[in-house]
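So the structure is just underneath, and the comments pick up after that.
Per-chain numbering from 1; labels A, B, C and D assigned in written order.
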Amino acid sequence: MATSQEPVIVGFLCNWCSYAGADSAGTGRMVQPTNVRIIRVPCSGRVNPRFILRAFQRGADGVLVSGCHPNDCHYSTGNFFARRRLLLLKRYLEYLGIEPARFETHWVSASEGQKWAEVVRSMAERVKALGPSPKLPSLL
Amino acid sequence: MPKSLALDPKKMKEAEAALRTQAAKLLSEGTVTVFLGHEEGWDGLPVPFFATTPEEAKRLVWNPLVAFNLAKYLLDRLTGEEKVGIVVNGCGSLALDRLLKDRRFPRERLFVVGIPCTGLLDPDKVLALPDEARQAALEGGKAEPGLFLKRCGWCDAPNPVVADVVLGEKVPEEAGPQQYPRVEEIEKMSPAERAAHFKTLYEKCIRCFACRNVCPACSCRECSLDQWEPLWLGKATVPSEQLMYHFIRAFDVAGRCIRCGECERVCSVGVPLMELNDKLMKDITELFGVQRPHVPADVEPLGQWTEGDADLEAAH
Amino acid sequence: MKRVGVFLCWCGSNIAGTVDVGKVAEQARRLPGVVHVEENKYTCSEPGQAAIVKAIKDQRLDRVVVASCSPRLHEATFRRTVESAGLNPYFFEMANVREHCSWIHTDKETATPKAFDLVRMAVAKALRNEALTRGSITIEKRALVIGAGIAGIQAALDIADAGHEVILLEREPTIGGRMAQLDKTFPTLDCSQCILTPKMVDAAKHPNITLYTWSELEKVAGYIGNFTVTIRRKARGVDETLCTGCGVCQSKCPVKVPSEFDEGMGMRKAIYSPFPQAVPNRPVMDRANCTFFKTGKCKICERFCEAKAIRFDQEDSLIEVKVGAIVTATGFDLFKVEKYGEYGYGLYPDVINSLQFERLVNASGPTDGKIKKPSDHEIPKSVAFVLCVGSRDEQKGTTYCSRACCMYSIKHAIQFRDKVKDGRAYVFYMDIRTPGKSYEEFYKRAAVDYGVEFIRGRPSKIFSRNGKLVLKAEDTLLGRPIEVEVEMVVLAPAMLARNDAAKIAQTMSISYDGYGFLNEAHPKLRPVETNTAGIFLAGVCQGPKDIPDTVAQASAAASKVIGLLSHEQMATEPMIARVSEALCSGCLWCKPICPYQAIEAKTITEKIQGKVVSREVAAVNSGLCQGCGACTVACRDGAMNISGFTNDQLLAEVDELLGASRPACAAE
Amino acid sequence: MAQSPVPKATRLVKKAGLGAWLTALAADNNVMAPVTVDGKPLFRWIGAGEVGQLDLAAVHTVNSPKGGVMPQTEPMLTYSAVQDGSGGKTLDIKPAAEDRPAVLFGVRPCDAAAIDLVGKVYLTGEFTDEQYQARRDRTTVVAIACAAPAKACFCTSFDLSPGAVRGADVVLYGRSGPGSVAEGDAYYAIAYTERGEAFLGGAAAKAAGVSDLPAGEADKLEKIVAAFRGLATPLGKKLGKVDVADKLESLFESAYWEKVSSRCLSCATCTFVCPTCYCFGVADTGAGGQGVRFRYWDFCKSPQFMLMAGGHDPRPAKKNRTRQRFLHKLNYHHNRCGEYLCVGCGRCVESCPVGLHLPLVVSDVRGLQP
């Protein structure tokens, strides 16, 4: 069986904007690379930085968080809290030696299928250019 | 190093006498049923000590080696009605305030004796000195800057911020932006160098949890790192799990760390934990404009936001 | 052991064309917990759903995973299917292999393993799904309508007519709002007051409507079906029960101040009703201008009041009301045209704004309906109407179009031409926007029948020359600079959100946009709901609109309220936050993060080492919580979770994707 | 000491040859040795490239070499769900791969004794821990006698000494004898087991220039070895022989435990640095039906240690847990095996952040009223 060597990007998408945006991209048949696996969350504010670290720890080559544009949050403020946490996280990951391009956050609305497709394309490209994420030794 | 760090053993001796009197009074009058302080331990170093009688209060010590923050012991007394006495210096009071802001102990059950601080010495370093030099440091106040606790080097809160009574005079405070030279050094490394640097850190750690257990910002009833469902942290002490441990520990105290450095001090294998905590504090200042991120605030920096926070999307 | 059934949908060739569904099925059989795997042409079809029901029964499935389209499309469908087979609907989980896979990929070799990854993740999550039950909350069958302009009045009447109690709140002395200030309405030119005042009276007399004027919203607590609203009844200075509305106090009061209702074009007294048809017909005392409050002497009104209704010592009072739903209809403010210094508003008395023109042209206005120049009370022979003052101007005003100004300015031009037969009316516009029934015709009539002169160009300057006002502009149709001399200029200001809209929004915990307009839950599909359940929007507080749209939206909001209040109980969504009290340390850092104020401290008692102790923990109000999950991240204890999106479930998805297995299932 | 152990072979190795010895050993063995990392002496597995970091100066590494025979994390088996012949599923289980032979080099006599002490727990009685047995069977312990015991050393409070042999296959004695910090230019390498004898005769030893004892040095050697074994330890002198097992029988309910435990941080420092603490937990890691079952060090000071499903905890407070740790070492184990579960290495004295350690408890207990 051929094991895929394609990089894997874990996407945490808010249900109301970005997940719907990714649906729009699908409905519009906007062809994208196969690297992203989407995990649906209610809001970008639900994304615990620990989830992101867990993904990297388990060998993800990239992590992508996407939510509603600031001021458009379905829950009004969730993405503002997310923005703070993830700003701090972004710098922290970089500090720990995880290349900055491996972790990105984007604001994609339900109607922005085109933008979502572009986010996927460009991030996949950047992560591919970096090569596989360096993995720390584990039992697995 | 702040200028106020002129070790004054004589003042401390006076404070010690006043502390014993104060604690004995509180205990004899029944204001408190226990008083949290230090006594002289087996090898001459102070160890945490909990006096319950005026007699025992005489054993309390206050000297340049009382490095241990006592606030965390309050958690052992959460269930109960009795009032607890505690002695704090500047950083000790920050630890206490941390617990108060985290609603982990009721203020009304506390009687806080504050002592302004002229600096503390690193017990391990002092213990390693030849007898004469040790004496000179402890009794003569002649201590090289390197002998002080690391945290004294960046201290901007030598006076207790929480106290019911203060023994001794206020120490002049020097406010200024916190410096993070070691973080700046690491920031200059390449990503690969940084990854390698922190890998050595993960490999060293034996995951004894002393850093977590001593930390005044880590006060959960049951640490999520000890929980099985979900298993936030795997039990294997392999570098990938150590990364997770150190990430979660540091990120959970981000914005709440008081920069006491106790985590690093109690680490038996020398993991430089403040390299992680300091980075987050530095960034909280840079990103969110919190000028003294180590001072407990009414709303934690990550529990709020402003419209003006940096555009995360553009940060890529 | 859990028994998971996996149903793989072909969606005709929509999925099967790009994903080797058979291969995914083969691999899925190996997954832990999976006891049944089945492919369907169309899982959402009748036979597809029947297959799920059958498998649940035959295979004793306790978890169901469907790999098909987006859960946003069919999650509800399949939950019902699962429920119909006797399984808790929340034991269902979905893998989106169409929108997120087959439709966006072209290569079967790579799309197939990705589809399998998505299935694995869904199975891993489903294994941790829990039975959730919808709760129910009792509904207080009463509505609050905030703002009694035409939107609020319409909503209140509709709700009241449906048989529900309504509290209608208005902070001005009278209901009626902006529409009461208008003279005629476009495009029919029927008299605004004539169509409004009957509704005002209806509202006042309706047995189901309680009117609180001169009152403001103080606090809103609670949640859908159970709001507790605190209202500040401002001291009126008049005992409303005794006052007969005779008006003597007003006529005797010696103080004159510019009338807000007349937009400063006329005067009012310190004790006053804004206009004769005010409802209720009870005056209010303006303490800031009252001589007694300023000097301690006067009390003339009291002397003349036969009903003995004057109360100098009256104080504000707070009342609390319980309502099940709230309609927000707080209206709008006008853009301050002073911001366009080059237009000379404030400098030249004959440069006025449109609402002032409404008062001038109104028969019951300060000039009895005669269009007179404020400077010399002469009738102007020429008037220029300037559109988009503050609208569609990023630099000085707002980016948006205020939607009504084209039409009412055309109306103004027609009214002017009607009253001043030899006058000339100029309209300076950027685009004339007439999207409404009979609107375009109205515009044509103005140009053709009334000879209104339309000039496409935004004036760059208005200045005075020889006692006349000169508008300097570029006629963009002719492509040349022009100067037009007139005797009066009317500026059409942008409609703005109320200057305290943000405060009102915060009081109610609803969101608002950068201009302060309140946000609807969805711009197309939920235009009158807000993101706070039980709070609805009507009128310009949501965004600029004209009267017909305002009334339509008000009735829409009312119908939502009526729908809500027609139930005794309401089901609550179970996918909301929950606290593990055993783990909660009671730090309550979750509390400030909650956008719905759904988290409160609660004291619990428990036995610790034989001792009974009490301590505080966080408690989630299931009526308020909307399930966003922001609190879960603030919770370091791991005590806070979102049902349906628990930490355990989300980590399981990550672990499953990246964990030990990562088997690819492409062609061997 | 009851009777002197009998050497099986006696050799001399130049200090300068140690590096070559370790390098040669590393080719076929996993080698664990004391190295200094950022100022902290640690016992670590070292590769051939890290031989230069060998540091025998510190008497105590922060951690003990117990990880050499009881890794902190040790895979036990791997499992994966596979299809069986009939379209169903079955679990494919494979034992963990075996490591290479191991040499624990530069182990202090107390730590070597600890390996033997703990070995009894795993290898005697009704149940033999096969994985532990296999690991012990492929491990050679090369101890080094302590020329200058540290302040916290108290091995002499038990039947041990800075020159003790228990648990070691080979013991290195500094040629210039105890008392001098510089241990001289060479060591006497004495094998006390067949494994040790083979080890000294092996190819790696040759590469290090391990030679026969120069003629006429046998007497000197005997004196020096005796001197090592007669050497006092600072804390041992203060503490005397540990003798509290019987007394503790009556102190289970003593208020002392509450008092002494009150400052405990509930961390694992004492347990993890202790050469004789051996408790472990078992866990799985993996996903998608594949994974690894492993054991890992657990610690009785943890509030989770005895927590049972359903929430009951037989040792709910620090008092219970602290009492357990010390009674285990000073009473229970003594009752079972006739010796204390402590070798006096002094690490708890040095590492406990709040000065709560075994010698303190021993001396306190002596003063307690039963």
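The rule is simple: a contact is a pair of C-beta atoms (placed from the backbone, for glycine too) under 8 Å apart; a residue touches a chain by one contact, two chains touch by 3 or more.
Everything numeric in this text was worked out from a predicted model, so none of it was measured.
Novice: Measuring between Cα centroids, what's the chain most distant from chain D?
Specialist: C
Novice: Once you find the CA centre of chain A and the CA centre of chain C, what distance in Å lies between them?
Specialist: Result: the chain centres lie 31 Å from each other.
Novice: Per the centroid of Cα atoms for each chain, what is the distance between chain A and chain B, given in Å?
Specialist: Distance between chain centres, rounded to whole Å: 36 Å.
Novice: In whole angstrom, what separates the CA-based centres of chain C and chain D?
Specialist: So the centroids are 70 Å from each other.
Novice: For chain B, jot down the residues that touch at least 2 other chains.
Specialist: As it turns out, chain B has residues touching two or more other chains at 222, 232, 234, 236, 238, 302-304.
Novice: For chain C, which residues are shared contacts with two or more other chains?
Specialist: Answer for chain C, listing residues that touch two or more other chains: 582, 593, 609, 647, 651-652, 655, 658-660, 662-663.
Novice: In chain D, what residues contact two or more other chains?
Specialist: 73, 285-286, 291-292, 294
Novice: How is the touch graph of the chains shaped: line, ring, star, complete or other?
Specialist: complete
Novice: Which chain D residues qualify as touching chain C in the complex?
Specialist: It comes out as residues 80-83, 87, 89, 285-292, 311, 316-317.
Novice: With touch defined as at the start, can you tell me which chain B residues reach chain C in the complex?
Specialist: 78-80, 102-104, 219-222, 224, 227, 229-232, 252, 299-300, 302-304
Novice: Enumerate the contact residues on chain C facing chain D in the complex.
Specialist: 29-32, 120, 124, 582, 609, 652, 655-656, 658-663
Novice: List the residues on chain B that touch chain D in their complex, please.
Specialist: Spelled out, the residues of chain B in touch with chain D are 41-43, 45, 47-50, 68, 72-73, 76, 200, 204, 206-210, 212-214, 222, 226, 234-238, 265-266, 268-270, 272.
Novice: Which chain A residues qualify as touching chain B in the complex?
Specialist: 49-50, 53-54, 57-58, 70, 77, 80-81, 83-92, 94-101, 104-107, 134-139
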